Amino acid sequence: MEKFTKAFPSKPLKARTAKPWALAGVVGSGNLEVLLERAGASGTMECHVETSIPGYKSSWLAALADFATHYPAGGTKVTIHDQGAPPVLVNLRLRQAYDHLTGGDK
Amino acid sequence: MTRGPLFHEQTARQRIAALVDPGSFDELLPPPERITSPYLAQLGIPVSFDDGVVIGHAKIGGRKVYLAAQVGQFVGGAVGEIHGAKLTGLFKAAARDRTPCIVIVESGGVRLHEGSAGEIAIAETMRAIFECRAKKVPTIAVICSDIGAYGGMGILSTCCDFRVMTEHGRLGISGPIVIEKWMGKKAYDSSNRALVWKTSGGKTKYLLGDADSLVLDDAGAIREAISKLLGKSSAVSLKAVKARQAELAKRLKRFGQTEDADAVWKGMGVRDIEAASLASGPEFAAMAKREK
Amino acid sequence: MKKLSSRALLSQLFGTSAKGIAVEKSLVTGYASVGATRVCVIGTCNGTYVDNAAALHLAAQVIDCIEHHPKMPIVMLVDSAGQEPNRVAEMLGLASYFGHLLNCLELARRNGHKLITVATGQAVGGAFICYGMFGDRIYALDSARVGLMPVEAMSAVTKIPVPVLRKLSKTMPSLEFGAHPFALLGGVEAVWTLDDGVAAKLEKAIATASTEDNRAELGKKRGGRKLALDIRKKVLTESAR
Amino acid sequence: MTAANLALRRQNKAKRLQKVGRLARGKFVSPDNVPQVLKRIIEPGDILCLEGDNQKQADFLASQLASLERKDLRDIHLVMSCITLPAHIQLFKKGMIRQVDFCYAGPQGTAVADLVKAKKFPVGAIHTYNELYARYYIDLTPRVALIAAAQADRKGNLFLAANTEETPAIVEPTAFSDGIVFAQVNEIVDTLPRIDIPADQVDLVVQAPYPMHLQALFTRDPAAITDVQVLMAMVALRGIYEKYGVQSLNHGVGFNTAAIELLLPTYGERLGLKGKICKYWMVNPLPTMIPAIESGWVESVFAVGGEVGMERYTAAHSDVFFTGRDGSFHSNRAMGQLAGHYGIDMFIGASLQVDINGNSSTVSKNRITGFGGAPNMGCQPAGRRHPTEAWLKVGAEANPGPGSPPGRKLVVQMVETFQAGRVPTFVEELDAQDPSIRKALHGVTPVMIYGDDVTHIVTEEGIANLAACRSIAERQAAIRSVAGYTPVGLKRRKRDTEELRRRGIVQFPEDVGVSPREASRSLLAAQDIKGLVRWSNGLYDPPPQFVDW
C-alpha cells in the first residue's frame, strides 16, 4: 500500500450542492472508489490517496492536478481507495463523483 | 434496441438507485463515516468506505423498505465483521419497524481475511432474518449476478421468505472450483460455464422452486417482482415445514442419483432444452409454467 | 488427548439414556435424558460431511420432536467438516436443504423448544452454520476444532503467508482456529472440558438458556469481536431517527 | 553443346513419389504411414511449406513431422505463415531447420523468443502475409507443401470449407513448379460440396485421425467490453467514421473495434449514419457484427478466414457474405489481404506499444510474435489510383506535395494509454528496438505499422490526427497530447496541446461531440454472447467456452 496526501488549488465549488458527499466506483481489481466531500478551504481540493500499487505517484498527482484545473472543486476533500485502476478510470470516477455531488444522483 | 443497463453489471449503489423511488434512498453508516475493516488494513489490502455492503432505507412504490446491496467486486462481496454487523442491524431494524427488508446478494460467503468473525456475523444475521419472519415482515433476497450467493450467504438467502433471481444469478454453497478440486475435473469441470449454470443458475433454481421469481436482468423487472412480494410472507409453521420436507425428499429421490446436468430440466418438464437455454428469464418461466 | 468414540461421547453426555440415540452414517438422532430432563438429540459425528439427505434426516427428527414432544429441549451435537462439495448436491439445492433445516429449528424455537448446541469435534463451514450456530446457546468442548478454517488453509486461499496470519491472530483471535478463540468472539457461550462433568453443565445450560442472541455482546465483552455490537447498535439507532 | 535439362525438378518429383510406392494407395496414405512417407518425399535442402494459418492448422502432418528425428529430416528451409503449435517448435528444438521464413507466431511467441535467445531460430525474415505468399512465387517456392483441407473426394479434389484461408496461395506455386502437395483432410467423401482445389494439384492425401485444429480467434465476448472502450468507440465513430465518410474498411480483432461494431445499430443509428458509413468490409465473420448486419448496415463482407460457430449464420446471409455454389462460406487470405491493401478506405486496429513517432509493435524481448496481415492493410498502398471521398479528404489534410498521391488511406491505431497491469502503451522507444532482436532479424526492427503510415491515433483521451501534422516535432507533440498519464504523456507541454487542439489536430471527446458521461456499455447492441445469438435468430453457434446457458 502507498498513501499520500496533497492539496491542489482549484476554483471554489458552487455554493449549493445537491448533497454534502458523493461516492463513485468500487474497490475491486483495476478499479477504485472516490469519495468527494464538501470540506476544507474554499480554494483547494484536498486529496488523500491509498493505492495497492505503489510507484505511480507522479501520474496520480498529474491526474488530480488536471481535475482540479478543469473543474471548480475548491472546498472539497477527495479520498480514494484504489486497487490498481488506470488513470482514465481515476478521471472518470472523479467526474462521476463530482456530477453526483453537484447535480444529485441520477 | 437500446436498453437500460443490465442489472448484473451495475454496482451496488447503482442497483439500489435503479430499484427504489427516485431520491428516496437514505444510506445508513454512509461512506463519510469511514467505517472500514481493520483486518484488511492490517493485511495491507485496500479497504472500502462501506466495507462491501451498502445499507439503508428507501421507498418502492411509496412503500418504505430496508435495503442492503453487497458489492461483489470488493473482496468477492464477502462478509467480514463490519459488513456482517451492518446486515444484522438492518434486519433487526426491519423487524423492529415491521418494514420489509431486501438484500441484493452478491457474495462468496464469509470473508476469509477476517476469519470466524464473518462466520458468526452470518449466523447472527440469520437469527435477525427470523426475527423479521416471526413478525411476518417480508424478507427478500435478490440474486442477480454471476458472483451470486455462495457459502454462508447462499444458506442465508434460503432463510429469507423469498428469492428473486435472474438467469445470471447463481445460488449454492460450494462453488464450482472447490467442487472440481474435491471431485475431480471429470465430475465437475468448472470451466464448463453451461454446466455451472445448469447446476446453480437461476433457471434451475426456479424450476425446483428454490427461486420464487425468475425475471429479466433489468432493474424495472426486479422492482416489479419485489413489489409483488412486499405484502406477502412465507409461514414458518408445522404444516409448511412438513410439506417442504416431503417436497425436498421427493426431489432427492427423483434426481439424487443422476449425473445428467439436464436431468432436472427434463424431469421438471422442459422439453426443448436448447430453446429453454437460450430463453430469457421470463420466457423460461413462461415455458416452465406451460409445461407444468 | 485421546479421541473418544461417538458412542462413548454420547454416554458422557447422556449416561445410559444414550442408548435411545441412533448413530447412522455418522448422523446422530434420537431421544435421551440429561439429568432429569428428556431431550431430543440431533447431530453429526466422525467429522462427516453434511449433504442433502443428512439435512433431511436431521430435519425429520426436529419435526418429530415438535409434533410429539412439545417444548422438549433439542441438543445439537456438531462434528462435521462441512457441507458435501458435490455437483449433484448443489444442483438439487443443498442450500435450500440447509435452509429447510434452519426453518424447522426456528419453528421449534418458536414453539418453546430450547436449542442447545455442543460442538464436539469439527465445527467448520456450512455444516456449523446450517444448524449448530442456530442454537439459543452454543458450547464447545475444548478439544473441538471450531472456526472458519485453520490458518494454513486460510493462507492457501488468501495467499497471505502463514507467519503473517499467525502474528496477526495474536491481536485478532478471529483469525485463530479453535474453541477458545471462538469463545473470545462470543461464538460460543463457554468451553467445556469433557471429563469435567459435562452432563451437569449441559443440564444447567438447558435450564438457563434463553432465546435472545447474545453473541455480539459476548464478543465485545471478551474483546475478540470489538466492532460488531456497536455497529449493529449504530444501525439500529440511526435507522430509528 | 548439349541442350540443358531444364526439367530436373519434374524428374525429381517423380522419383520421390516413386519412393512412396506402396505406402500409398493411389494418392491415399494411411495415417500410420505418414512418417515414412514424409521421410521419402522431403529431402535435405528443401523449401518445405507447412500450412499453419491464422486459424486452421495442418496439425496432424505437423505432429508427424515433429515425430521424426534429425537423421530423417534436416537442413530444411521452412516457410510457413503462422508458428502456432508446440509441434512447430519441436522442429527447431530437434535441429531440423536451416532457415525459417514466417509471418506470425502468436501463441508460440514466448517459445520463439526462447529459441532466438538459444540461437536455435535461424530466421530469414518475418513477413506480412502477402509478402510471404509473393515470395512463394519468386524465391521461396516450396518443394513440398503439407496442407489442411476439410474433405477430399476419391480423386483427391479438396473442399476447404469456411476456412479456405491460404491453402490456394500455397498450392498454386507448389503444384505449378513440380512440387509435392500433401493434404491432411478431416474426411474422405464420395461427393464434395464444392471443389476448392482440383485433384490434379494434389499428390497425396491422408485422412487425419482427428479433425484439424481451428482456433476461434475472432470471437469477442461483448460482456468484456468496458465503458472506456465504449467511449473510445464513440470518439472514433464521430471523429473518424462520420467525419471522413468511411465506406469500406477492415477492423482488427480487439475489443475496441468490437465496441464500434456493436454501437452501429444504436449510437450510429442515432447519429443518422446508417447507409453513409461501414458498408463494405474486409474482415472475418466477426460475431460482434451480427447486430449491424441484422440492422441492414452491411452490404458485403469478404474474409481471409472463417470463424468457429458462424457457419450457419454466414450460409444464411449469402447477400452479405461470399459463399460457394453449395451455399457455404468462402474465404481467401491472399485475396482478402489484397482487398484490404487496395480496396478500403480505412484500416483500424490496436497495438501493444506505440512510440512517440507513431510506430507500433507487439514484439518484446520475451515475446516475438511477428506481423500477420495487419501491415498489409495498415499502410499506404503506393499503387492505389482510385479515389474515394474518405481517401481524398484525408489526402487533402495531409497537404500532399507535388510528388505525392492526392489521397491517403485512413490508418488508425486505437489504443488505451495503458495496457492491463498499468503497463503504458506509449513509450519513447519500442521494446522491438532491442539490439538482440534486431540482430536476429538482420538489422530490421519488427515494426507492425510505421508511424509515417498512421493517419490517426485514438485513445480514451482523444484523437491525434497525425496526417495533418506538418513536422516530426508536431507529430510527437500530438501523440504526447493523447498519451494520457503515461510517462510519454506526462512530458507534453500544455501550450503545444492547446495549439494543436486549436488547429483540430488534437481533439478531445467533447471536441467531436462526445460526452464521456454518456459512454456506457448499455449503448452496445448486445451485451453478451447470448445477445449475439439472439440477434442471429439462433443461427450463431458460439464455441462452448463462450456459452454459459
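Which chain is which? They are A, B, C and D, in the order written, and residues in each are numbered from 1.
Everything below uses one rule, namely that contacts are C-beta pairs under 8 Å (C-beta built on N, C-alpha and C of every residue); 3 or more make two chains touch, one makes a residue touch a chain.
Note that the structure is predicted; figures quoted are calculated from it, not measured.
*Asks:* Report the most central chain, judged by the distance from each chain's C-alpha mean to the global C-alpha mean.
*Replies:* B
*Asks:* How many angstrom lie between the CA centroids of chain C and chain D, rounded to a whole number?
*Replies:* From the centre of chain C to the centre of chain D is 61 Å.
*Asks:* Please compute the C-alpha centroid of chain B, do the same for chain D, then give the distance between them in whole Å.
*Replies:* Chain centres of chain B and chain D, defined by C-alpha means, are spaced 44 Å apart.
*Asks:* Take the average of all CA coordinates in chain A, do the same for chain D, and state the distance between these two points in whole angstrom.
*Replies:* 42
*Asks:* Take the average of all CA coordinates in chain B, do the same for chain C, and state the distance between these two points in whole angstrom.
*Replies:* 24
*Asks:* Could you list the positions in chain A whose residues touch two or more of the other chains?
*Replies:* none
*Asks:* So which bits of chain C are touching at least two other chains?
*Replies:* none
*Asks:* Touching at least two other chains at once: which residues of chain D meet that condition?
*Replies:* none
*Asks:* If each chain is a node and each touching pair an edge, is that a line, ring, star, complete or other?
*Replies:* Contact pattern: none of line, ring, star or complete.
*Asks:* Give every touching pair of chains, nothing left out.
*Replies:* A-B, A-D, B-C, B-D
*Asks:* In the complex, go through chain B and note every residue touching chain D.
*Replies:* By the definition above, chain B touches chain D via 1-6, 9, 146, 167, 191-194, 196-197, 201, 277-278.
*Asks:* Please output the residues of chain A touching chain D within their complex, sorted ascending.
*Replies:* 30, 53, 56, 58-59, 62-63, 84, 86-89, 92, 95-96, 99
*Asks:* Using the touch definition from the top, list the residues of chain C that touch chain B in their complex.
*Replies:* On the chain C side, the touching residues are 52-53, 56, 59-60, 63, 66-67, 83, 85-88, 90-100, 102-104, 106-107, 110, 125-126, 128-130, 133-134, 146-149, 154, 157-158, 160, 164, 168-169, 172, 174-177, 181-182, 185-187, 213, 215-216, 219, 225, 227-229, 231-236, 238-240.
*Asks:* Under the definition above, what is the set of chain D residues touching chain A in their complex?
*Replies:* Its residues touching chain A are 227-228, 416-418, 420-422, 460-461, 484-486, 490, 516-517.
*Asks:* Can you check the complex and tell me which residues of chain D touch chain B?
*Replies:* 265-266, 291, 520-523, 525, 527, 530, 533-534, 538, 544-545, 547-549
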